[in-house]
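Here come two complexes built around subunit A, the first alongside subunit B, the second alongside subunit C.
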Partner chain A sequence: MSGETDLIVVGGGPAGVEAALAASERGLSVRLVDEAPQAGGQVYRAPPRAFGAKFQQKADPIGVRLRDRLRASAVQTHFDHSVWSASPGYRIDALGPDGAVSWRARAVIAATGAQERVVPFPGWTLPGVTGLAGATIMLKSQGMLPGAVTLVAGQGPLLLAVAIGILKAGGKLAAVIDLASQADWLADWPAIASQPRLALRGLAWQAILRRAGVPVLYRHAIRSAEAQGDQLLVSVGAVDAEGAPVAGRDRSFVVDALTVGNGLTASTDITRLMRAEHRFDSLRGGWVPQLDTDFRTTLPGLYVAGDGAGIAGAAAAAIDGRLAGLAVAHDLGQCDDAAYQNLIAPLRRSALRARKFGTAMAKLMVLRPAQVAAIADETIVCRCEDVTQGEICTAVREGARGVNQVKAWTRCGMGPCQGRICGDIVGQLVTGQGNAREEAGYFTGRTPFRPLPLDELAPPIAYGDLQLPPPAPL
Partner chain B sequence: MTSDFDVAVIGAGVMGATTALHLARGGMRVALVDRGEICREASGVNAGTLTLHMTRAALIPYAMKGRALWLSAERWLGRDVGARSAPGFSLAFTTAEEEMLVKRAEARCAMGAPIRLVSPAEACAIDPGINPAIRAAAFCELDGHVTAYLTGRGYRQALTAAGVTMVEQIPVEAIESQGGGYLIRGTCGTRLSARRIVLAGGVWLESMLAMLGVRVKIKCLINQLIITERMRPVMRSVVGIANGLLSLKQFENGSILIGGGWQGRGDPIRGGVEPIPDNLIGNIRLARHAIPALGETRVVRIWLGLESETADAMPMIGPLPGMEGAYVIGCVHSGYTSAPYMGQLLAQHILGQEPEMPLFDPARLIDTTPSSVRMSA
Partner chain C sequence: MSESQSSSPHSFHRATDVERGARVRFVFDGRTIEAYAGESVAAALMAAGVRTLRASPRTEAPRGAFCWMGLCQECVVIADGVRRPACRLEVRDGMVIMPGTVP
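On to the complex of A and B.
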């Protein structure tokens, strides 16, 4: 199966859906591809259809509306399709329920969102330890608790979201461990208040936590976790404003589960693979594609919108997605300059507001270098290949100057996740303190974006039907 | 920065690094310059196959020496780079391939490769992972593989210990003759002066040689490599097919590397950019035909390595004619196997010794036709 459209949007979160809708409304033929069964992305993830009406009601109404509008549109959707390659021209390759498919398009919008970052500590790879974002997926998509009693730790808005999600689903919380201080949360109050709906929700969440009597330890972080029977013994200690551990008595918790996350990083598989230019922006989650004001990457026809362009949150992603969709319509001749300017002016104003809120949240999620510097020698950093901090730092001492040389010398980032989980931490380790992150670089983008079952990609065929290139010279 | 060296080697792949290492051990003051980091191009991303089945017949004696060097790397390099000896097969699935297999095995045997033809039953007895549907197989005891990505780590340590000055992440922008030697201008204001230069730039040799006004056409192959996730042991030999378009091996960690020179997209400027999906699927189909158990696993990563090839697909190793103290080394077909030996040979020549085996005179490849559009330096 294949076919050409004007535009392919990769990713069905708020940015992707709004981009697809905006472009489609301007008359472009649009395909939207996502690996999930329904649109919504991580933030508005739809409950499984099999779960019945009662569970469906728990879905965020914004997500429900998003899906309804998409269904009513002319956008061709391909859910349950995992994109594994993007080639110039453009060609998108995906693996779906019926095997390998590829489509062509004049333009591509990568709306691939964000992925989770965890600053490693001893025991972070144990069963029972999940990411904050991972926990939200469990809660939203399956109504599943990480454990009967959970410790929630890390930084940023997901801390509260997960804590509340667990309480609402009937779980118990041992405590919430926040890297930030209360003052950090209040520092950007005007920006937070610029999105009254979200600000009020945050306040309501804090009230729920208080009523439930859940202790919140500010300026604390996880020191270690170890298995204790079926449970986890988690040690928690105080940190300073930079995230470095400070001496003092650590506290211990025995819990069924630990969910911990240190913010989000932009998912840049497509732009890194295609060698678009990137820049380092710690506030936006690390390496992000270089974009102009109309969401164009440095490659003609390739656009990025949403958290994949740098962490700014769902509200900004939706508006940016719409803007990117219009930009493609404009660039492909479906929207003249005057109409384009008229359409984008009000959107840009609301984008600015949404971005203010997103920036306040992004600040809370920024990686704190001192926390990375405190990672112990024997702590695993690359969990796919079990590469420790010590092995990475030894490679750097032996002369590895960038993350890709570290990858070659230690296998760090060579596993099934392709360095998505450890990449930002490795970059920070290579950089050390006082240097520029730019010099450490980022893991070169490689296909497949997700591991590809050989059997599905290349089902057996008769040997005679194989198209072989000419023989190598003798 | 201005430094004086006896020799500056430009290009820190295996050939450049080995040449630099032996020159330094021979008493010379050596600088090794690279636009990126050591062994990050073909030398670090190739399939690491040590195979006589894929070596050009004329290069068999060199490859056998190179293979022995890889397997003894701990002794002369100071670090094991994952080199392992393994039996090797070349398979034939059709009568046409069988004919090709016999012809190629004979030519390689004539050059000293201990290759013999075995029956399908014998091949499957040696390696039960092989598809029993083969018509014939050529077998060689002297194959194996190296963990190519560890190459740079081993070399860097040895070079530093030998006193080689490492100049990484400095692309060379110009090379000028200067007072009986050469001045190398790199980015960031880097200046190096050296009495001799060795150009060891792989696919970038064409532009490097042009800096000296020497015109040699070099073809850039964009070879595709595929690695699977770890899986149960399913094969114990290095497997190829008669036409040379497949290389397959399982490493100790259980991952399987699929190569064979299928082409991807890229060029010397951008490097290897990305695979061509149809070539990827073709390469995988061929691989799983050879080792059917591959169908159980998943592809984790695909990358591309740039291989250089001269007009006659034979190496270019030796002094540049008419240029005192200028040398070139590169373009060895399936060159990783013999690379450490090739570097050793050139170092012998530069140190004034008789190389153990003949070099490959670059003069035959140089375009000497006058050109009105020839640019001035």
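On to the complex of A and C.
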């Protein structure tokens, strides 16, 4: 054991950092753990320290301020530490550069953010096909382009962000393939305009695309990709409002790289492992932990804030994080009722505003069931174990009613990613066969959250070094 | 080793106006790769034209970095004997890396 604190915050994105700061400001001893080298999460990911000042200056100022405030605080930070287990008590186990560590705390806030969902198509497993979120990491934290010519596809705000990032870094775009229609983007304009800075940025981005002459194909999706030498031959076709393919002339593009994403899902490793209650909310990215108004899960002492509680975006995550930190301070007796109500009232009002924008973006990222229903038999759904749509649907026809049964019968979701990449799609495939999404369930949380080199957990043992107790007297 | 035998760090993948860290060299599957401190192994390999990092377990199909944030495990390589996702592993001079295919 390496020490007990009042609170451990898992995740150093906007929600986690604000939660840690808020709790620490109320006098709680706080530990913050993240697997990245610096705070910021994926959205405000810090540039590598070894890169020059000019590149550092390109980092989002919101992230820079977040890191500065954290450094100036009393929060104990543990970066480069990957949390692999959580257990009652609470105990958090992590693996860091110096090996395994384990900490105890009276409360835990899971601020583990979101992960990307990609609706499978033939060829999505080819090297050179990456997620949109992955492309933002290449661009923002590595200063790299996915290819000389890239095709950007999928849905939601990341689509535009990646397209613009590629153009600004000097790359070329074959086209932008958007599952949504132009009307979908305008449907929530008042909510989008409630965050003028982000709304204006979106408009500026569309103008940049137009000026660069990049074709934007609305209501289109990837049909397939195949390797053609070092390049990819990508076929694209029209879809209807539900995401189902529409017959017609498909178009082909030969590109170096394809980046594609279909929205975000909540990262719920900790709450699923701890067996907290979850509920299904398609708008918020699928299965999310069930929370009360003060971010408490159904387990005393376990809280969730940020996109890990359901997709609402970075602005809402920061405010919700602060609220969750205050809730822990209140529950641990460091903030009386009156003070707590005074502190949270203005924050809750700004959270509502931030959530409006986040909700408009979340709507654009919602999974379209007809797109999943159109996945062909031979398409790989579970990348880790190479399990196809056909094998999954056969299991369901033979009586598998939930994703965990599908897992036991087919190995789907049993690989090293623990079903993070395929989970939401498998749930929808089971649902598509006549079961309710709630009945299909979610993959049971298991440790370790990430594959671990065993010898880092327990160093190699020489039997001669074992300290044996003296034998019991006869 | 001459410059022509190792991969050129001037790859179209690298945005030109970025000041990177110090030059480093590592070996992937017997091939010397030039990169810059601060880059991830996955990014440095991509810049060198290497996108296939392992074969999948059942169909033995080529796989490479997909999520770029340490979740999907598609980019796992064996770095100095230890299995690590290449997207979360920073390049270091003298590293010896092998594809992450499970034998």
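To be clear about the criterion, the second predicted complex is superposed on the first by the 457 of 474 C-alpha atoms of A that agree within 3 Å, B and C clash if a C-alpha of one lies under 4 Å from a C-alpha of the other, contacts with A are read in each partner's own complex, and residues count from 1 in each chain.
We take it that a residue touches a chain if its C-beta (ideal position, glycine included) is under 8 Å from a C-beta of that chain, and two chains touch if they have at least 3 such contacts.
Quantities reported herein were computed from a predicted structural model and do not represent experimental measurements.
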| item | value |
| --- | --- |
| Partner chain(s) touched by A:402 [first = subunit B, second = subunit C, both, neither] | first |
| Touched partner set for A:471, first subunit B, second subunit C, both or neither | first |
| Partner chain in contact with A:421 - subunit B first, subunit C second, else both or neither | second |
| Subunit B versus subunit C as contact partner of A:115, first or second or both or neither | second |
| Partner chain in contact with A:186 - subunit B first, subunit C second, else both or neither | neither |
| Partner chain(s) touched by A:451 [first = subunit B, second = subunit C, both, neither] | both |
| Which superposed partner A:461 touches (first subunit B, second subunit C, both, neither) | first |
| Partner chain in contact with A:170 - subunit B first, subunit C second, else both or neither | second |
| Partner chain in contact with A:88 - subunit B first, subunit C second, else both or neither | first |
| Shared subunit A contacts, counted only where both subunit B and subunit C touch the same residue | 415-416, 451, 453 |
| Touch list for subunit B against partner subunit A, complex | 37-40, 44, 54, 56-57, 93-94, 100, 103-104, 107, 133, 149-150, 152-153, 156-157, 160, 166, 168-169, 227-229, 242-245, 261-263, 265, 270, 273-277, 280-282, 284-286, 288-289, 292, 294-303, 313, 333 |
| In the complex with subunit A, residue positions of subunit C that touch it | 12-22, 36-40, 43, 46-47, 49, 51-53, 56-59, 61-74, 76, 82-83, 87-88, 90 |
| Of all residues in subunit A, those that touch subunit C in their complex | 35, 42, 47-55, 82, 115-116, 125-131, 133-135, 137-139, 142-148, 169-170, 230, 380, 383-386, 415-417, 420-421, 450-451, 453, 456 |
| Complex contacts: residues of subunit A adjacent to subunit B | 85, 87-88, 91, 93, 100, 102, 273-275, 395, 398-402, 404-405, 407-409, 411, 414-416, 418, 444, 446-448, 451-455, 457-458, 460-461, 463-464, 466-469, 471-474 |
